[in-house]
Amino acid sequence: MGKQLKVAVVMGSDSDFPTLKSCIKILKDFGLETEVTVCSAHRTPDKAAQYARNAEKNGIGVIIAAAGKAAHLPGVLAAYTPIPVIGIPIKSSTMDGLDSLLSIVQMPSGIPVATVAIDGADNAALLAVQILSTADENLRKKMIEYKAKLAVKVEEKNAALQEKLTEI
Amino acid sequence: MGKQLKVAVVMGSDSDFPTLKSCIKILKDFGLETEVTVCSAHRTPDKAAQYARNAEKNGIGVIIAAAGKAAHLPGVLAAYTPIPVIGIPIKSSTMDGLDSLLSIVQMPSGIPVATVAIDGADNAALLAVQILSTADENLRKKMIEYKAKLAVKVEEKNAALQEKLTEI
Amino acid sequence: MGKQLKVAVVMGSDSDFPTLKSCIKILKDFGLETEVTVCSAHRTPDKAAQYARNAEKNGIGVIIAAAGKAAHLPGVLAAYTPIPVIGIPIKSSTMDGLDSLLSIVQMPSGIPVATVAIDGADNAALLAVQILSTADENLRKKMIEYKAKLAVKVEEKNAALQEKLTEI
Amino acid sequence: MGKQLKVAVVMGSDSDFPTLKSCIKILKDFGLETEVTVCSAHRTPDKAAQYARNAEKNGIGVIIAAAGKAAHLPGVLAAYTPIPVIGIPIKSSTMDGLDSLLSIVQMPSGIPVATVAIDGADNAALLAVQILSTADENLRKKMIEYKAKLAVKVEEKNAALQEKLTEI
Amino acid sequence: MGKQLKVAVVMGSDSDFPTLKSCIKILKDFGLETEVTVCSAHRTPDKAAQYARNAEKNGIGVIIAAAGKAAHLPGVLAAYTPIPVIGIPIKSSTMDGLDSLLSIVQMPSGIPVATVAIDGADNAALLAVQILSTADENLRKKMIEYKAKLAVKVEEKNAALQEKLTEI
Amino acid sequence: MGKQLKVAVVMGSDSDFPTLKSCIKILKDFGLETEVTVCSAHRTPDKAAQYARNAEKNGIGVIIAAAGKAAHLPGVLAAYTPIPVIGIPIKSSTMDGLDSLLSIVQMPSGIPVATVAIDGADNAALLAVQILSTADENLRKKMIEYKAKLAVKVEEKNAALQEKLTEI
Amino acid sequence: MGKQLKVAVVMGSDSDFPTLKSCIKILKDFGLETEVTVCSAHRTPDKAAQYARNAEKNGIGVIIAAAGKAAHLPGVLAAYTPIPVIGIPIKSSTMDGLDSLLSIVQMPSGIPVATVAIDGADNAALLAVQILSTADENLRKKMIEYKAKLAVKVEEKNAALQEKLTEI
Amino acid sequence: MGKQLKVAVVMGSDSDFPTLKSCIKILKDFGLETEVTVCSAHRTPDKAAQYARNAEKNGIGVIIAAAGKAAHLPGVLAAYTPIPVIGIPIKSSTMDGLDSLLSIVQMPSGIPVATVAIDGADNAALLAVQILSTADENLRKKMIEYKAKLAVKVEEKNAALQEKLTEI
């Protein structure tokens, strides 16, 4: 496992791409190689099965899978691979994302999917980084720096807010 | 299509069997041949795929699939076969079956699953009968008789109720 | 049953028509004859009863019924006919379609309604095709082709996506 | 309208009877004549239609209808009669009564159902009394007395509670 | 009770007025005298109590009360009067009206509120008409005519739809 | 305001008493005088109004009100008094307490109710203590000690757990 | 405690500021000194802990904390301080605020958060005023005046409504 | 990172232990060293902060945190550490675990929690194994064997089921 593992980003439909852009961007910012694919658990089930079955030997360390409605993609991929699968429930036009969330998070015993928030694309990327950091001290350091920057941004927003308060 | 098509009853876990008994019983009462299988979309994904892929050529006319929680089984089977798939959402220990219902009914465009009520095993059987009746006048007649008997039973219950009323 | 059975598309209100257009279009694309009707379980209950009672002898093989809110239409039609009824829950201005879904899917034992996703008009049509395919090898073949095309479209979208990735 | 109007109590299944007992009891306590029937919107749709169509001329002033799951009975009866229909959503084994509630209360414009709480059998009876009181001063007086007794009971419970407090 | 009883329409906030317009219009179309008031269970509790306490002697036969969020108005009015109270749950900016619905419909035993659909202003008016019809044959006739017109409108919409079908 | 203010504990029904016992116990343990009353917003509305109107001059500093289903009691009391009202949503036999929670927490602008968790009787007492501590340094100290004891108890449970671990 | 206590308004993100403006305005209108801070339970946990730990000695009497989604801020602040914490659940882009509400209100025994309605910024301010009024007769008087003005506004709206009624 | 990383299992209350037993058992079966702690985000916030802050240097590779109701523990731990945190929503006595689920999964951007199903203790353990497998080929192999055994068990259950079928 000397070579840096890749992160696969799989989406059930290309309509999920706008939500996933920030996920892919964050992975790149952390210097991780990504592989982005449209692949449906229902319309291209053989491809989905094949993709997950080969993921490990193709150098993929984590799969991020996003899907909406009856969102089976993350669970189906997880069925075919021993590597960790992160699921992003996508909010669709009805049910406010609750259907996607429950379809992804309520996996039966044996096959976990690491679920993040509805439309939580950023956190899926960060979770992938945290997982790969387990075997990569350099990545761990970048994660620590990332969190430090988050705190700085909150402080900057706080400073900016103080000025707006005078207008009340 | 001269030979009578079979009905496949597939469950994600053998813990679903008690709920499915009445489904299998009704199918038998209508004289339909059934094939009952435990097969998990997540623990035995290859078997599930294979099962659905071969269903048509194995003489199966309708698949009834029951699953709970993140209930992917009906949708996964539907992905691999052109024959109608009926989904039964099983109530599990949390979420009162809402997770199972949404995971089954909210299928994306292209791959329908004919969903019945939570734990609606009887209706899954009856729907299978209705579907196969499309090509089988004899079965259609049995269905009409079944509905007539339902009405009779309601009348009997009504008669029985009238006696209980005196105690109020 | 030599003659091709028709598909009835019944809607509780003409405001459901925009949602149902794609359903009717798909049925036509599969070469099925359709009969489209506005008919309310509550405002024209006699017509609804009459419609369902005569459906079978009028050469209808499957009824697709769409309704919103306290969506009784599919269940009411199913009460009067032995042929399969597919229910489409329509999202209305409140409750995000959950009221329609539960009113349609939670049918009591004895009278099933084959429920598809909220606003799932495409899948209602495809389910009707799958049901009629049980007695029609030609229709079955078209269904298999349809599913193959779905897979091709996913691949095309995947190819298109790869180009967009460079912009991140 | 000189003759006292009757209250019809209709239930979709005799399994609803235990819940409805207190409803029937209250109606009797108010001296109202009741007519209690098991009648299913789905299993005996013709009887349900007939029942509601004839309700007015049979001297019925209010219909109370109880049903669970996809609870269509109150709405279906309301479709066939101009007299007020009160709906009681019955809690069934799944969904905690939310399915019944939404199926009854979310009626489309034109056909109201006066909905009470889930399993709210007492209040259905009291609402029927209130409605018939509109044309019956004597019944109105009984209602006023009933409410006064409710207040007295609360006071008695309050007195009893004060004694229990010492044990804390 | 020779004189025609009035219908009171009470709203918790004037922001509910746009939703209630059609309610008031229908009541007028049926020839009923209305009394429309803004009155809050929380901001003007004494006025609300006083209003309900005097409703009967002020010639009011039915109260229609509309409120949103923690919608206490219908229940609070019902606490102070023996006449029937109809509750309209108003959809507010969050929770899609579910909070209003549950706050109105889930009344405890003893004090019913006749609840209609979320934003169901038309049906509140029609239910008031049905209730007052109990003592008014003329109003009953108008209700029967109203329902007949509803059916005609559905037929007209059906006819109009048939023309639109050619464009698919 | 030299004299210690009392805490009023008001419940809509004596069936709420078992849930409220721990609340009353905690208030006593903190040395606060309590006044416990059964009082219904719907069955004894005049008493409820009177109680809240006189609360301040009767030396009450905080009102804790518990109610279930369409839980109007806390909001109705808050309408009549300027002192803080804490609401406890009681879980009833249906809807798992969601109806009670929304009926209490979703108060419209102008009349707040400080809502705690469903059946959160302990926290209602502790919140009352925190509120009265604002003017009472001694009570504040007790609160700080109480929180310190909570932490100690967690540590004790942690120690006890370590022993149980050996059995796995 | 002679000196007037301040009210801290803490928000998890500056995107909550527009919702909180009316809260801050009301606090100022009541003459209370406020301290407004952006501080995240997750991105700046140390600052949040520090802020709450020092709140009492910094002269803060009540903390108002607003947060959305998995809204931990109010509970985290409450963990570190004995002073009352008011939680405002912020509606975010999914789940309609239900996630924020449950994350704030369902606090375990021992650490209460006084929860107001989703986006209920006004009521958070008024609750803070009510809490501080416990030790401040002058503030109590202002609160009583505020409630009187609310009632006057309702009456004004009622008067204005009467004119609009003529247009129906 | 030569030394095997430990898995920390943290629970908000010792009442969560029965649910977590199978999690700890699975971790042991995979040969992982575990560290089990009761630690509350609200009652022992300093300990929770300290625990997470030191986790990495104490040789912990993954934290599994279980909590119910307003379940802040996983998010609070995640705030203080760069290592992956897995959250288990515990079903409590109300809300069927939905409150716990949303409180854990809906984390804001920046601080992910890898959420598993409600009471999904087994899957939390398996996800931890998957994460640590990223840097441990031996553990990966065990995971692959574990999944193979799952499939075998399904087959055994299927065989057992076939015998039970004869009794229908």
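Which chain is which? They are A, B, C, D, E, F, G and H, in the order written, and residues in each are numbered from 1.
Everything below uses one rule, namely that contacts are C-beta pairs under 8 Å (C-beta built on N, C-alpha and C of every residue); 3 or more make two chains touch, one makes a residue touch a chain.
In this text, all values refer to a predicted model and were calculated from it rather than measured experimentally.
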| item | value |
| --- | --- |
| Mutual neighbours - chains that touch chain E and chain F alike | D, G |
| If a chain touches chain F and chain H alike, it appears here | G |
| Whole-Å separation of chain centres (CA-atom averages), chain B against chain D | 34 |
| Averaged-CA centre spacing for the pair chain G and chain D, given as whole angstrom | 42 |
| Residue numbers of chain H (touch at least two other chains) | 13, 40, 43, 69-70, 95-96, 98, 105-108, 110-111, 113, 117-118, 147, 150 |
| Chains grouped in pairs wherever the two touch, ordered by label | A-B, A-C, A-G, A-H, B-C, B-D, B-H, C-D, C-E, D-E, D-F, E-F, E-G, F-G, F-H, G-H |
| Complex contacts: residues of chain E adjacent to chain G | 13-14, 17, 21, 24-25, 28, 36-40, 43-44, 47, 69-70, 93-96 |
| Partner chain C, residues of chain B touching it in the complex | 1, 5, 56, 61-62, 82-84, 86, 101, 105-118, 120, 122-124, 126-127, 130-135, 137, 140, 143-144, 147, 150 |
| Residue numbers on chain B that touch chain A, as the complex places them | 12-13, 40-43, 45-46, 49, 68-70, 72, 75-76, 78-80, 95, 98-99, 102-108, 110-111, 113 |
| Footprint of chain C on chain E - complex, ascending | 91, 96-98, 117-119, 147, 150-151, 153-155, 157-158, 160-162, 164-165, 168 |
